[in-house]
Amino acid sequence: MLRLASRHLQSASVVNKAPVRGFATAFNWEDPLAASELYTEEELAIQDTARQYCQEQLQPRVLEAYRNEDYDRKILEEMGELGLLGASIEGYGCAGVSTVASGLITKEVERVDSGYRSGMSVQSSLAMTAIHDFGSQELKDRLLPGLAKGKLAGCFGLTEPNHGSDPGSMETVAREHPTKKGYFLLSGAKTWITNSPISDILIVWAKLESTGKIRGFAVERDQCPPGTLETPAIKNKTALRASITGMIQLDDCPVPVENMFPEVEGLTGPFTCLNSARLGIAFGAMGALEDCLDRARTYALERKQFKGNPLAKYQLVQKKLADAATDAAYGTLAATQVARLKDAGKSTPEMISMIKRQNCDRALANSRILQEVFGGNATSDEYHIGRHVANLFVVQTYEGQSDIHGLILGRAITGVQAFV
Amino acid sequence: MLRLASRHLQSASVVNKAPVRGFATAFNWEDPLAASELYTEEELAIQDTARQYCQEQLQPRVLEAYRNEDYDRKILEEMGELGLLGASIEGYGCAGVSTVASGLITKEVERVDSGYRSGMSVQSSLAMTAIHDFGSQELKDRLLPGLAKGKLAGCFGLTEPNHGSDPGSMETVAREHPTKKGYFLLSGAKTWITNSPISDILIVWAKLESTGKIRGFAVERDQCPPGTLETPAIKNKTALRASITGMIQLDDCPVPVENMFPEVEGLTGPFTCLNSARLGIAFGAMGALEDCLDRARTYALERKQFKGNPLAKYQLVQKKLADAATDAAYGTLAATQVARLKDAGKSTPEMISMIKRQNCDRALANSRILQEVFGGNATSDEYHIGRHVANLFVVQTYEGQSDIHGLILGRAITGVQAFV
Amino acid sequence: MLRLASRHLQSASVVNKAPVRGFATAFNWEDPLAASELYTEEELAIQDTARQYCQEQLQPRVLEAYRNEDYDRKILEEMGELGLLGASIEGYGCAGVSTVASGLITKEVERVDSGYRSGMSVQSSLAMTAIHDFGSQELKDRLLPGLAKGKLAGCFGLTEPNHGSDPGSMETVAREHPTKKGYFLLSGAKTWITNSPISDILIVWAKLESTGKIRGFAVERDQCPPGTLETPAIKNKTALRASITGMIQLDDCPVPVENMFPEVEGLTGPFTCLNSARLGIAFGAMGALEDCLDRARTYALERKQFKGNPLAKYQLVQKKLADAATDAAYGTLAATQVARLKDAGKSTPEMISMIKRQNCDRALANSRILQEVFGGNATSDEYHIGRHVANLFVVQTYEGQSDIHGLILGRAITGVQAFV
Amino acid sequence: MLRLASRHLQSASVVNKAPVRGFATAFNWEDPLAASELYTEEELAIQDTARQYCQEQLQPRVLEAYRNEDYDRKILEEMGELGLLGASIEGYGCAGVSTVASGLITKEVERVDSGYRSGMSVQSSLAMTAIHDFGSQELKDRLLPGLAKGKLAGCFGLTEPNHGSDPGSMETVAREHPTKKGYFLLSGAKTWITNSPISDILIVWAKLESTGKIRGFAVERDQCPPGTLETPAIKNKTALRASITGMIQLDDCPVPVENMFPEVEGLTGPFTCLNSARLGIAFGAMGALEDCLDRARTYALERKQFKGNPLAKYQLVQKKLADAATDAAYGTLAATQVARLKDAGKSTPEMISMIKRQNCDRALANSRILQEVFGGNATSDEYHIGRHVANLFVVQTYEGQSDIHGLILGRAITGVQAFV
């Protein structure tokens, strides 16, 4: 169960943010198309809880974290404490909320920082979803509660140095242990893996040597002999610096057969998890965009140029704000629709490609345009806009670059593939 | 009541268009985000009826109509017969359907042609809404049934030659008849008035000489003495050629006080009507865009270039299709949301500005990009794409040009106006 | 020799257009980057002559011509009289001017209408260049003088109904006459051929049956037996309606071997001609864009909205004008550079792909944005902007659609082809 | 005189970059429109020298400099040694090269990093130009040689915390010293001043208390009493981190009247300097863009995805490369044209607004699109693209944000101002 913040408390703390939720006689620029009308009271309360936590606990940390590439491991525990991890999973100590509620949590975290959202998404949508959907009952019972609480950290190893958009060509291999029965030896390298340096549980996708088929493994770090698993951090990133990213290097790392996902084979497994994460990204990117809009609007109202007029008075500035508000509103509606369809068993992967692509594209494009409102001051990280802009480029790129999702949609529309 | 087509019949006639409406296991490129899940069975049936009529009765006429600028007056009667006119009005022989259903009708008509939709919108959202919302009971009883049936044609005179985006500066004036008590004399000129040359009932907005306030009048052509009302057609239009457009020239035209809307004053009256029409346009533009997408997709699958590959095989073509499908899906969701909010009494004019602007902008931009798929063949009017492209420019422009709606949104977001 | 207009006359007639050509102390919005500084006195004089003819003789005819799809055959003679046809060819009654001068002529004609420019380009760059570069001396002596004078009209048959961007797959065939020695029989169909219905000399590219190689033929209409050559006009075009376009239908049409271009084989021949035409288009499109800018600027200065301000006072309008002026200036410089390189023997086809693509793309995009300045009035053809917008789509598309030239450039940059 | 690198040496060191400079039979993707044909042998040699220095001496330092916000003061001396500082100035130990040559130097520096170019531009175009154009002969003789050698570092204080785009509203004031005759006291704050923390000579623009007019002062740090001049560095910048930026805080700082520029008053002075710098930026931004293109092209050729195809094989990738190459070529031609006009005394400030705006806009837009080619790897700073993207946003913004230059152009085109 998700621990809800008291509505009273919330209203007090972010009072000037609270959208009007009753009879909408007035236009609310923060929710221009009244998406909140589509949410249940419980979903709105969950969003409030998440927003309160994010604004009060994450926002004050993000500047230093980003400057120093210093992710605070405690955040996972805090999120776990509030029930934000694996929130849409039933049981195992998870909150079991709707996909919409889960998306709204994601949106609130990314309103602060895409890196913080990435850390949460990897834990929830990738690692926990993989174990929940594909792991044995024993694995679920043993690992999910710790992951849900944030006591254990998880990551998801799919991408390899030479295989980004085309994971089917992966080179990581799992072969039967030549001597130790019931064990596989995993070898290979994964890269750009959020959370890998701090992860206790590493979901690794590898080709089974005997079949050539891709299988999933839950690698437990504390079970790996020295020298078989390394997870060096990647430093000097140009974005997502408030999250921690690394490689996974496996050198004949022994993993018991019980930790292999028993049923799923091929790319179905990773793609299921990615679809869950991508749906979250579609919500999350709208949170980042809304924060950019909020900050640009505030700046435009406070900054005076030319005879004391606020920037907000200028047509060219208003156009930027109007465009961004429109895309944020449209993207939120679309993500909400697909989340509802998912809970009704009616979503398809192509829908998720569509909203992941479009919401990321629009968030990125608009954040860049809003950045112009700040003029030279955007160069100061204290205005936060530069961080969002840099982050959103990666968000557009990871879990399916915009062009790749475009070709997925193109194939779905025409029946003809154009990848090669 | 709306006369529904048999679902069976419909399915037969446009069988390969019918979206999957049950459990959506498969992606449907014609409704990528399953907006149909948001509609009631009745609303879907109304859409089917409208589509059947439009595809069977309007589509075959549009090419010649557009070539020759020849609007068939009988279309209004056909629409009236089916209950498509003033469809969301209760009583007076109107269908009394939901705003969503009304929007879906609009979408089906504009799927054929924006001009046909313009003719219907002017009749329904502008002329009938004006009389219904602001006219005396006597006017409603006397005029609405004929307009609903299409026996009477209506138009809406707001725009003047020198006052487009700024109707508050209108010059048309209504002064008390110097001798004939209970009459006003209207003088002035309106331009770009859809339907004016064929209209029996002309809604005219004019400034009352005595107060300087804008008032609305239902001018009945058959009551106007010779020489007091002229409605010359505007010919050689570059777009919307399947609709008829003209001026309204009033020269001391006598109108009885009973034909003045009794309560409404200022721009509230015309803006109420325009909001209704703009909501329809937000749906309609998505219909035109969907038709462009459908045609471009078909062309891309059939046209072979370079070693026999269909154009649909090329990445640059797939991107165009994917972008258009995305914008059509997003725009349809947004229009549906605002229509639902309207029926719940929760919509605001700014919401309508947002969806009118965005859906028109995206329909226009995507139609132009899809036009590229046809190469030189787009120059043949038989591919229909050039007609949609030309039409959609006007659709983006009328009833609030994109920039104007952007400034309305900018004002709503910032609280500062930037019009002057 | 080109017949120059008196500079005095010219200055008088278009006085408010004349760019400042001395010491440029003031910014000239019509030539913002002072491209005129790159031209010789003779080139400027030729431009003046062309502009005077175009503004005085073509501009008054274009509205009716476009409305009625009625190309005045006499225009070719008028152009021939002034020396505008095949202007860069030496001898044969041609003016023998520089490629820059030839480009400036093209720009002036397209300032009026892309269709008029198309008619001239086909005559000059395609038909005359083909004969000049590839025909036998006898053909040149016999045909070029008449074409130069506009007494003969020419066209260029390359595109076929099923082969637009990929002419190498053409199906038109030339086989040796089974009985009449020294003759070929041509069979096949060409489409979208500017001037074909009025042409006396039709350049036709066909595959030689015996070799499978593409060869060029100068088909003389008056030598074709009845039924072997038909050139039906294509009507109801959505653009370029002031030019005449048609098909070429050949049914065992006998052509003497002397009319086959003796040396050139494969696509070298047509591509040489196309490169010449494309260079002209790169200039021409800038002329059309400049006319759009000029008209939008005038409209924006004259049209008042909101408290009597001219549209020109609004930031959103100024941005449109500034963007268009910039692209026109950049495109003119680039075309001038390539023209100079051509005369120095240093141009390459990829350069021409670059400027044809970019100048057409930018002319089209900006003309559409400038169209917004006119609001609803753009729908009146008397403002001319809608005509330019419609034309420029075709100009972007023909002689290499933008994406095709993009792939030509991509191949040149990477060394890898991506056409299939 | 500029110290030229031996052409031989240069050719050896960057051999695979050398554009073909003879008869251009082949397309050169690095100089697609053969701008090099417009340059003299001397100018090309200067470019070679600059490129050699930049690639050999600056490129290896930039990664660490950017990571650590650590500008190496020695760079100015190295540049001075080569004659790159104030290169277009005659005398005073400056090279006295053409404006084109100066622009080519700028382009080569920014090919490495916009921050390095900023440091050089501030020294050359702002500080040295100010002294050269407006300082007394004594000031020139005393300060220019040291600045030219890079022994002295200079900066330019115009922008204030509350006055960015509108410097005319500056608050910094110069009042006559109440007791010390022949001295002014300067008070106020300047911000976002490149080089200020390391500058020996600080050009400061302030309003003369007695007249209210803006005047310029050369403040010599070693003459300022303690506490009257502070130049704290601004840290944690989101871009241009390889340059050093700071504030200038003046608190009754005494400056002798001889250090005030004697003749110039108002914004003429700063704008003259800014025009010089902006012209350099127009070249420089093209250098950064060309580097992005070069890196993206190389990455696309080396990176294989989907059946072993290089990314360069994909249409969507080729389009990105083609677009960028086109904009780089066009922008280089335009900058060259204005530089030539400047040397001929025929340039205007609006021309410079046009090329500064357009080249920065296009460099930024294309760099962002090219960043997509790198996918997730763009997040590694070792690919350099993220740095260029972040830098180019600031380059677009400083010395006149894109919208401001757009309004300058709009005013020049229409004669109507739209700033307020």
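Note that the chains take the letters A, B, C and D in the order they are written out, and that residue 1 is the start of every chain.
FYI, a residue touches a chain if its C-beta (ideal position, glycine included) is under 8 Å from a C-beta of that chain, and two chains touch if they have at least 3 such contacts.
Only a predicted model underlies this, so the values are computations on that prediction, with no experimental measurement involved.
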| item | value |
| --- | --- |
| Which of C-D and B-C has more C-beta pairs touching across its chains | C-D |
| Chain whose Cα centroid lies at the greatest distance from that of chain B | D |
| Chain centre separation in whole Å, for chain C relative to chain A (CA means) | 52 |
| Distance between chain centroids, defined by C-alpha means - chain B, chain C (Å) | 39 |
| Where chain A touches two or more other chains, by residue | 314-316, 319, 403, 406-407 |
| Interface residues, chain B side, partner chain A - complex | 23-27, 29, 32-35, 37-38, 297, 300-301, 310, 312-315, 317-319, 321-323, 325-326, 329-331, 333-334, 337-338, 341, 344-351, 354-355, 357-358, 403, 405-407, 409-416, 418 |
| Chain D contact footprint on chain B (complex, rising order) | 314-316, 319 |
| Residues of chain A that touch chain D when the two form their complex | 67, 159, 162-166, 169, 192, 234, 236-240, 245, 304-307, 309, 316, 368, 371-372, 375-382, 386-387, 389-390, 393-394, 396-398, 401-403, 406-407, 419-420 |
